[in-house]
Amino acid sequence: MPSIACNALILATVASGVVVSAPAAAQNEQFIPILSYRTGPYAVNGAPYANGVVDYYNLINERDGGINGVKILVEECETGYATDKGVECYERLKSKGPTGAAFINPLSTGITFALTEKTATDKIPIITMGYGRADSKNGAVFPYNFPLLGTYWSAADIAIQHVAKELGGFDKLKGKKISLLYHDSPYGKEPIPMLQVLAQKYGFEFTPIPVTHPGVEQKSQWLAIRQNRPDYVLVWGWGVMNSTAVKEAAAVAYPREKMIGVWWSGAEPDVTPAGDQAIGYKSLMLQHGAGKFPVHADIEKYVYAKGKGSTDSGKVGEVLYNRGVVNAMLGVEAIRKAQEKFGQKPLTGEQVRWGLENLNLSEARIKELGFDGMLKPIKISCSDHEGTRDGRVQQWDGKSWKIISDWYTADEPLIDPLVRDVSAKYAADKKAQPRECSKES
Amino acid sequence: MRAPDTNEILLQVEAVALSFGGVRALKDVSFNIRKGEIRAIIGPNGAGKTSMLNVVNGFYHPDHGTITFKGRTRDKMQPFEAARGGIARTFQNVALFKGMSALDNIMAGRTLKVRRGLLWQVLRYGPALREELEHRHRVEEIIDFLEIEAIRKVPVGRLPYGLQKRVELGRALAMEPELLLLDEPMAGMNLEEKEDMSRFIVDVNNQYGTTIALIEHDMAVVMDLSESVAVLDHGVKIADGTPDEVKNSQAVIEAYLGVAH
Amino acid sequence: MPGGGSFDTFPKLLLRNAAQFGTHPAFRHKDLGIWQSWTWAQVAEIVRAYAAGLHRLGLQPGDTIAVVGANRPKLYWTMMAAQMLRAIPVPVYAEAVADELAFVLAHAEAKLVAAQDQEQVDKVLSVSDRLPQLDKVVYDEPRGLDGYDRSRSIAIGNIIEEGRAALATDIALRKSIDDFVQAGNGSDVAVILYTSGTTGASKGVTLSSRGCIDAATDTTRFDGLTHEDVVLAYLPLAWVGDHYLNYVQGLVAGFCTACPESSDTIEQDRHEIGPTFYFAPPRGFEAMLTRLMIRMEDASPVKRRMFNYFLDVARLHGEQVLTGRPVPLSGRLLYALGRLLVYEPLKNVLGLSRVRVAYTAGEAIGPDLFAFFRSIGLNLKQLYGQTEAFLYVTCQPDGAIYSDTVGPAAPNVDVRIAESGEVQFRSPGMFVGYFKDQAKTAEAMTPDGYVKTGDAGIFDEKTGHLKIIDRAKDVGRLNGGTMFAPKYLENKLKFFPNIKEAITFGDSREFVCAMLNIDPIAVTNWAERNNVAYGSYQELAGHPLVYDMVANDVAAVNRSLVEEKVLAGAQIRRFLILHKELDADDGELTRTQKVRRRIIAERYAPLLAALYDGSYEADISTEVTFEDGRKGTIAARVKIRDMQAIGAAESLEKAA
Amino acid sequence: MLYREAGQFKTTYVEDMAIFPIRQDRIALAVLLGIAFIGVPLLATFHIWPFGSDYLLWAILLPFLILALAAIGTNILVGYCGQISLGSGAFMAIGAYSAYKLVTGVHIPLAWLGCAISIPPLSVLASILLGGLIAAGVGILFGIPSLRIKGLYLAVATLAAQFFFDWAFLRIPWFTNYAPSGSVNAPELNFFGLIVQSPIERYLLCLLLVTLMALLAKNLVRGNLGRQWMAIRDMDIAAELIGIRPLYAKLTAFAVSSFIIGVAGALWAFVYLGSWEPLAFSIDRSLQLLFMVIIGGLGSIMGSFVGAAFILIVPIMLNLIPAELGVPLSTETIAHFEFIIFGSLICYLLIKEPHGFARLISIGKEKLRLWPFPY
Amino acid sequence: MIALGQFLEVLIGGLMSGVLYSLVALGFVLIFKASGVFNFAQGAMVLLAGLALVRALDLLVANGFPLWAAIVLGIAFAAAIMATTAWLIERFVIGPLVNQDGLTLFMSTIGVTFVIEGAAEMIFGSDVYPLRLFPTDAWFVLEDVFPGGILVNKLDVWGALIAGILVAGLAIFFQRTKTGRALRAVADDHLAAHSVGIPIGWIWFVVWLAAGLVALVAATVWGTKLGVQFSITFLALKALPVLIIGGLTSIPGAIAGGLIVGAGEKIAEVYLGPSIGGGIEYWFAYVLALAVLLVRPQGLFGERIIERV
């Protein structure tokens, strides 16, 4: 920690007469920064996610006394979903703690793009669970990017699989009209190439419909949808755009059942403002959904009971909260994995990266962690930074999300050529030499 | 005071009429200004004097009528064209650039003489710098002429009214005009300032041979300064001639008495 | 360190400077917004061309050329060019009204007049019918002069141009100029300076080249002036001070003479140029201090406290620091802090930062005033001199400065005090004689070649320095026989900031009375701070509170007199405050702002009478000249106040 | 107090019209530049406090320099020429995307003519400068309405540019070389063979460009063109009557302003972000730039720097201070406090000194020059 | 026929949403008219009003108040909040800045925006709060003429109604009440109004209060449409072109501008959008505004700017 910070801390402590644990203990701490946004147009979705993350780290500290005794030290930085603020936060936090940031989790596709190059130079892994650049699945080109559990290309494929299933087979897709209502940003645009590939493959008519940030005004889009009558509308929204889409759909009487949101468009804040109008709306699940699992019992016991919770306990178990918890868990497990190799001490980002790349969570281990039923086993490798690409579909019944489908697994052979092409282009742009995964242990 | 060099007409205004939304400010006014003279335009308030100047330098476009300046006749022009043609102007209510120093205000008056464009000015080197220095030198001569050395770097907003008027005159002089229009150059001045200003006007006329047309209320000043006087009343020219002729004109006496009562 | 050495005329010095410091600036003039500068080499070339031009205009050796105007390089060059032709420059006061000008020009038989601008040219031309010898007027600033008859007036610039052109083609001309320079010698009359004389018409003091140069050589050595120094030439061109300090010393030392842009901008110009050698009369320094204190009144309380605190520190240690005497460490540190926070910034704002040597002279300087400037680190010294001596008679050497003396004799000057108490001297620079006035010349000299200064003085017993008491002829006796030195009293009175002018009466009378002028700046400021309402100067002057305040000052003067054995009996018993300011336009002051006692006594006779007849008020009506030249009268009823005489015992009591 | 100017006199107009006519200012500037060009890189190289990490360099100084440059551009238009613009962000975007296109090579197929316009990939520097020029061209186009529209109406009209270009760079895939996400990556920063990679190198590059352009901008605003702009700003009618053509004056202001902003945009994209999307140049950026020039001081190049520093650093400080003091506040509360305090500070500053920091500084300087006198 | 039906549907939808923009724009016009302040904070004021209302409603309903009482009390509470805000702004921002130029005032309102946003979210929370004061489903009219009918959103109709009432109310306020007339006097000439004894501070407070109440009305409609949440502040940006087209000083102009913008952008988006990539409505409104300004620099209904020497 820079000396100025210490001095200020000590001064403040002395001045206020409050006893704060001595900074000397800082030596056995693993620092993890949290880039969050609890203000601005996306706060509605950013806050529950950040709460889940924070609560899980607290759980590890409170219940286990840290990761094998190494306490987790957390600092939040508000980005407001703005890229430049995100970069500033990253720079501020990346070298804090005894070993610097273990990894970074920006929860913004824009910030992910901006940090991709920097994190590689700084040797800090960037975990983008369920978002980020789809091509960063390729660990050969993106050694420090980990789009765990699913990229947008996987999501697009899963969505189409579900549509096909509802229609009664892939062959029924032919001639159907599927529209993509998307947030007009890199986040919303990511699935388009994949959907185009799928449209070609299955012969459906694909129409992308952009919605301008932040998405409060969608009337004309929905009038167009009303006139065009697509068979399905995929919703790739974030924040206010999701609930507005549901309301506008209701206003033009477009059946909510024919709308499938990506997993970022399927949380409670996306449907509650629409009230009953949201009934029937579907969305993908990033494996997990809402609900409480064994891990939540621990969180309530070790965190909320001690008054250290970061939200109302009523919100524990919401979709985005759970996603925060899962995200935090994967990071912690990666550190744990890395400790096996590097010892039970604070680790550097580079060491954690090794942990991430060799992360292998079996069903048993997931159960042991209290995530039974939320996740499927995950195995990450050099060539596959995604780990697993499974998803389900849930539907809003007016009160809660109900899981309405079985597991789908994204079609890896279909996605991979696209991943290779795009990541190769990135490597060429940056004049970077990809590593050879086959030669690494 | 110097008599006009010739009887050459510098500016001829022919049957100019101007109205604002139905109010007729000028009704078929014709008059001329001879080269090298000091010409006064007088008249009661609202007689259309300022409108006349505004027509001459292109700020107002007359409804009909023509203006002939240096032999070119036209029915209207843009203000900067008038400026380029050699007409400079001061205003009744000082119209200086408030955010700039006295020096910069006068330097701005040199705009038309600036030859080097943007790219040279960016570099401020070689010809551009030389040019800037030449203009500065010229402007310093004007500052010297108007005896405003002590205030050259003061933002004009901070100057007393009399000095602002002087700076404005300086800015007009910086254009090296052939015709200088002065709209009440002595309004709101005390005796001493008026005397100074009168001296400057005569000196300008003398030294640079500039033709001057001025609007003034103070009759004594008009009689002292000008060689010929045009009198406007309600947008109509009611007299034109030497100060003495005008002073004795019945129409003028009536117009002024009418206002006085 | 340059000096006159073997160079006995100014043209020779000019050529020497051009050769020796050719690339150094000789003159600067704030003109057209910047300091236009000329090196010695350039000046030499210009003066030569100018001389050639003047020669072509017919200026002959021995002719006089008058110079009227403010401090302008071209006017200084006129003197140089004239001297190059062995003609005699006669500088004249620029503010002189037409009559005064006509007198001097006629008396000096000026053939040419070099005038600054249209105003001066017009003035000269307006009296030209009284000047049969006058041939042409040459002028510096051509503005407004275009239409003038060219046979009567020519721009100096044109003369120089023409002279330059002629020199380029005319070998004979070149040679004749060179010959003039060669032929010049130390006994040539270098310049005629007309005294502004406190009484009567002015006299032309004739000075020789040799004398001028020798005197200046001594003083430049005395103060260590070199060609690196800079002076601001703002004193009247015709005054010996300017001619000596700037023109002659400039040529001798080779330093740079800087001319201000206009009389309005002198402060600004001083600040910019930062002179290293500076002269101002006591009233100049006084005005500076008054303005400074008034400005500080408006500062924030914290700043004011800091300011006052450090002025106290300076009062305590400043003089010692300046003269290098031992100061306790704490004092030294405080003074250093004060230098950072107050003294240096103060000097900077006043434009005195770079001053190495500053002089004041002309009249007595208030001890507080003198001490103030010295304490903030300005090396201010006094000198005593007069036109007839070509300025210096005595001057204070570094390290031996006393506010009440004017120092020992300047180098190579003999000073003595005659039986009558009059100071007499013999100096290298002493004048040749009054122009066209043998009688007066003889009157001013003693048979053994000393010059009578007309001032009464004594040598201070402790230091041996000269102490000037008064004009010798003004020193009188009360009826009781006590010695009465009016000037001495007046100076003491004027040292109080509230009193601007004082005139005392007492010669051949029972007791001493005073007429006072309050200082409008100081007193109005005081009035504003104390909520004293007043409508005019006259009202303020008659205000009882003002009288009270002034009475305190008078009492203080009386107390101080007790300690002077000879003068203790000459205490001020009655005084009044004049209802109007004394004004040079009314003839009450000289152009150098000295009071004309006799004229005042005549104009205010009713008041004078009232002072001595015991009444407590008197009516007076005086004619005044307004700024625009119109005349009018002011009438007033002036009050008179009695003062208690203070005995020696009482004073001692107070002291104890 | 620190100003001891006595004896500093000008013998030429060049000296008199210098940017810093006072010697003490020149010394201060030299010291500042010395620190910026030599001190900072040295400290950063040896990781001496406060350059222990790259944070100060990367997250503060780099954006400060680039945004200060953009603020200078904005100031030329708003502060000097008096044309209020809320579209500065768009011109940054134009600079950034044009430079991106140029550096990657431009290919415009003209199908109906059967040929294509092709420009081979240009060097980074050329691309950045040309990007600025393209921004200048677009600036001229969008400046034309200013001849008729004035004041706040113009301000809103400039939003048309802002929103149009936001949209264009988002929607027209040609600009992003058909990148699937619409986010583009900066090329390798190769300057005549010199690869700019590390924070120090990036910092020095920006510093050099910003210093140079600030100097050139200063040259312009103190020259005739600058006087024309200010004349138009202060009193457009009088300006016209002394022969200033409003068309020329306003359009040059738009061009120069857009050029500088465009270059800043290219730097922001290439040097600071490295990878960006149009959101980086949104209306928020435009408002931020406007804030910078108003808080810093309209019509002051130096004010642009001060304003940029204030607007950039105050939120960060507000964010850091509670953490450093150990005040137990949630991130959310801090963020809201930050909004409130920042907003209040802006109001306070506008009330206290509507002419911005530049005026405050000049008043302070004047006080120091006159010290110990109050006037 | 289908095409015509679709066109009508888009046109009506556009006009309706335009009216909703007008609701926000009205607040701008009120303030600009009376004090020459271009109030960027109007969007934030809508957020504040909406949050105050919805949070009060939730609390009251949770405490067992009947819905009508909760609505009345909630609106009263929100109005009180807006009054306090108006007072604070007048007292601490606009009052001290009197006589500054428009740009400074404009920037100060951006500062106010930050403060309101921060304070509103800190006090009332930053979640999405559903508000259901008006029906949000749709009518399908003329189903027998056009297949599928023409969709008309009930909320939009409510919005239009409310806007109409608001404009009428403001007109009465300005024409018939003493304060209203004083307000117009102030708008014409600050100094003159001051010299005839109209207290400027009070007037400005009234104006800001009126704008705050307009914001509250807008918040009821927009809150129902979107849910009360931070993104409501972005409405300010949607209202700007409306203002510019209508003229900064004209209340009817705000409505007319809203109609033009709404119809224009929806039609452009639906018919032009697909061919050039979609999402054009954001800039379309501004380009429209720019085009209008080029013809009439003071907007369609704005007062003519006269230049004098």
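When the chains are written out, they are named A, B, C, D and E in that same order, and each has its own residue count from 1.
Keep in mind that, in the parts below, a residue touches a chain if its C-beta (ideal position, glycine included) is under 8 Å from a C-beta of that chain, and two chains touch if they have at least 3 such contacts.
Nothing here was measured: the structure is a model prediction, and the numbers come from that model.
Visitor: If each step moves to a chain the current one touches, what is the fewest number of steps from chain C to chain E?
Guide: 2
Visitor: Which chain has its C-alpha centroid farthest away from the centroid of chain D?
Guide: C
Visitor: Which one chain sits nearest the middle, judging by mean Cα positions?
Guide: D
Visitor: Averaging each chain's C-alpha atoms to get its centre, pick out the one most distant from chain B.
Guide: It is A.
Visitor: Distance from the CA centroid of chain B to that of chain D, rounded to the nearest Å?
Guide: Measuring from centre to centre gives 41 Å for this pair.
Visitor: What whole-number Å value describes the gap between the mean CA coordinates of chain B and chain E?
Guide: So the centre of chain B lies 49 Å away from the centre of chain E.
Visitor: CA centre of chain D versus CA centre of chain E: separation in Å?
Guide: About 33 Å separates the centre of chain D from that of chain E.
Visitor: With centres defined as the mean C-alpha position, give me the chain A-chain C separation in Å.
Guide: 89
Visitor: Give the residues of chain E touching no fewer than two other chains, as numbers and ranges.
Guide: In chain E, residues 118, 121, 126, 277-279, 282, 309 touch at least two other chains, as defined above.
Visitor: Residues of chain D that touch two or more other chains: which are they?
Guide: Residues 13, 167, 170-171, 237, 332, 335-336, 338-339 of chain D touch two or more partner chains.
Visitor: Chain A: which residues touch two or more other chains?
Guide: 38-39, 43, 47, 184, 210, 212 - these are the residues of chain A that touch more than one other chain.
Visitor: Residue numbers of chain D touching chain A in their complex, please.
Guide: These residues of chain D touch chain A: 49-50, 52-55, 58-60, 63, 167, 170-171, 180-183, 185, 187-188, 272-277, 279-280, 282, 284, 316, 319-320, 323-327, 330-332, 334-336, 338-339.
Visitor: Can you name the residues of chain B that touch chain C in the complex?
Guide: For chain B paired with chain C, touching residues are 2, 103, 136-137, 140-141, 143-145, 147, 149-150, 152, 203, 206-207.
Visitor: Sort out for me which residues of chain A touch chain E in the complex.
Guide: So the residues of chain A in touch with chain E come to 38-41, 43-44, 47, 184, 208-212, 214-217, 219-221, 223-224, 226-227, 239-240, 243-244, 247, 250-253, 269, 272-275, 277.
Visitor: In their complex, what parts of chain E are in touch with chain A?
Guide: 6, 9-10, 13-14, 17, 118, 121, 126-130, 132, 136-138, 140, 151, 153, 155, 225-227, 229-232, 234-235, 238, 265-266, 269-270, 273-274, 277-279, 281-282
Visitor: Residue numbers of chain B touching chain D in their complex, please.
Guide: 57, 59, 78-80, 82-84, 88-89, 91, 95-100, 104, 107-112, 114, 118, 121-124, 128-129, 132-133, 135-137, 171-172, 175
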